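Sharing a structure here in structure tokens format.
Letters A, B, C and D mark the chains in the order given here, with residues in each chain numbered from 1 onward.
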């Protein structure tokens, strides 16, 4: 897949940050169980798109990093996933 | 709570590694859904013990870091949690 | 524990229905994953209270039945759980 | 989709029971969290196949009923799902 440029990413996903060849965003919740319920919904999306995040959780915070491993950068697949996560 | 020394930790949790004031262990599964099912069981333990991990997931791998934030190191609480995770 | 009378239940949980010695309520969501994310949060509550529902799911609908098995009726434990579920 | 006959079902899914136009099976686990971890994996399958069970849980027991709503009976879709569940 085509690697998106930083300016393309900024336009498509204004609320995500760019770091090297990845995009990331931090999500904050009321508590751990709400953070984990969010993670479960992201997990469903990941399985559906067959595209899995590199993510971490500490208590009520979830950080999601997305990039397309095979292509070594951010592609439309990551944008699709980020947009699906935003809709939750 | 009392901070455990590295040698105490090594005795109690021989399969966990020590890094600075934390312990960590990496778990590998057949695929993403099995990794996430494991995470959900860890999440139940975390809620029960009211002690939450600092953890990350990439596809079929889950890395769990444990330490007791309030005490700035590894305590019996972390050992209890690590042992509960081992039993899964 | 003390079995609550129907009128006590009605006062405490006006939005739950009474059927024989149980209370139940049906919850509807946008889709299956949102229904299941709700179920996961209820599961966390169930483990915390060590009180488990008798529940079913069809697509976007979750029906939860609560009663205290050991006492053969609805008790404060069920009210506590129903209220925790309502807060989700 | 084609509705399968009881004898076709018996051959394809010898461990599932037939009741009216559905198949069902009961699964038992060590405790509630293991039952729920199983449910989560079934939920992932359901989303992947876009085919959702009619299921219930009481503590460590999960009962799964499968049928194809649109066709009013058991079809290949249900067999595919039952086989995926069996593999967990």
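Note that a residue touches a chain if its C-beta (ideal position, glycine included) is under 8 Å from a C-beta of that chain, and two chains touch if they have at least 3 such contacts.
Treat the numbers as computed from the prediction; the structure is a model and nothing was measured.
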Path length in steps (a step moves to a chain that is touched) from chain B to chain C: 1
Pair exhibiting more inter-chain C-beta contacts, A-D or C-D: C-D
Between chain A and chain D, centroid-to-centroid distance (C-alpha), Å: 32
Averaged-CA centre spacing for the pair chain D and chain C, given as whole angstrom: 24
In chain A, residues with contacts to at least two other chains: 33, 36, 40, 43-44, 47
Complex interface listing, chain C residues touching chain D: 32-33, 36, 39-40, 43, 46-47, 52-59
Sites on chain C touched by chain B in the complex: 40, 43-44, 47-48
List of chain D residues in touch with chain B within their complex: 33-34, 36-38, 40-41, 44
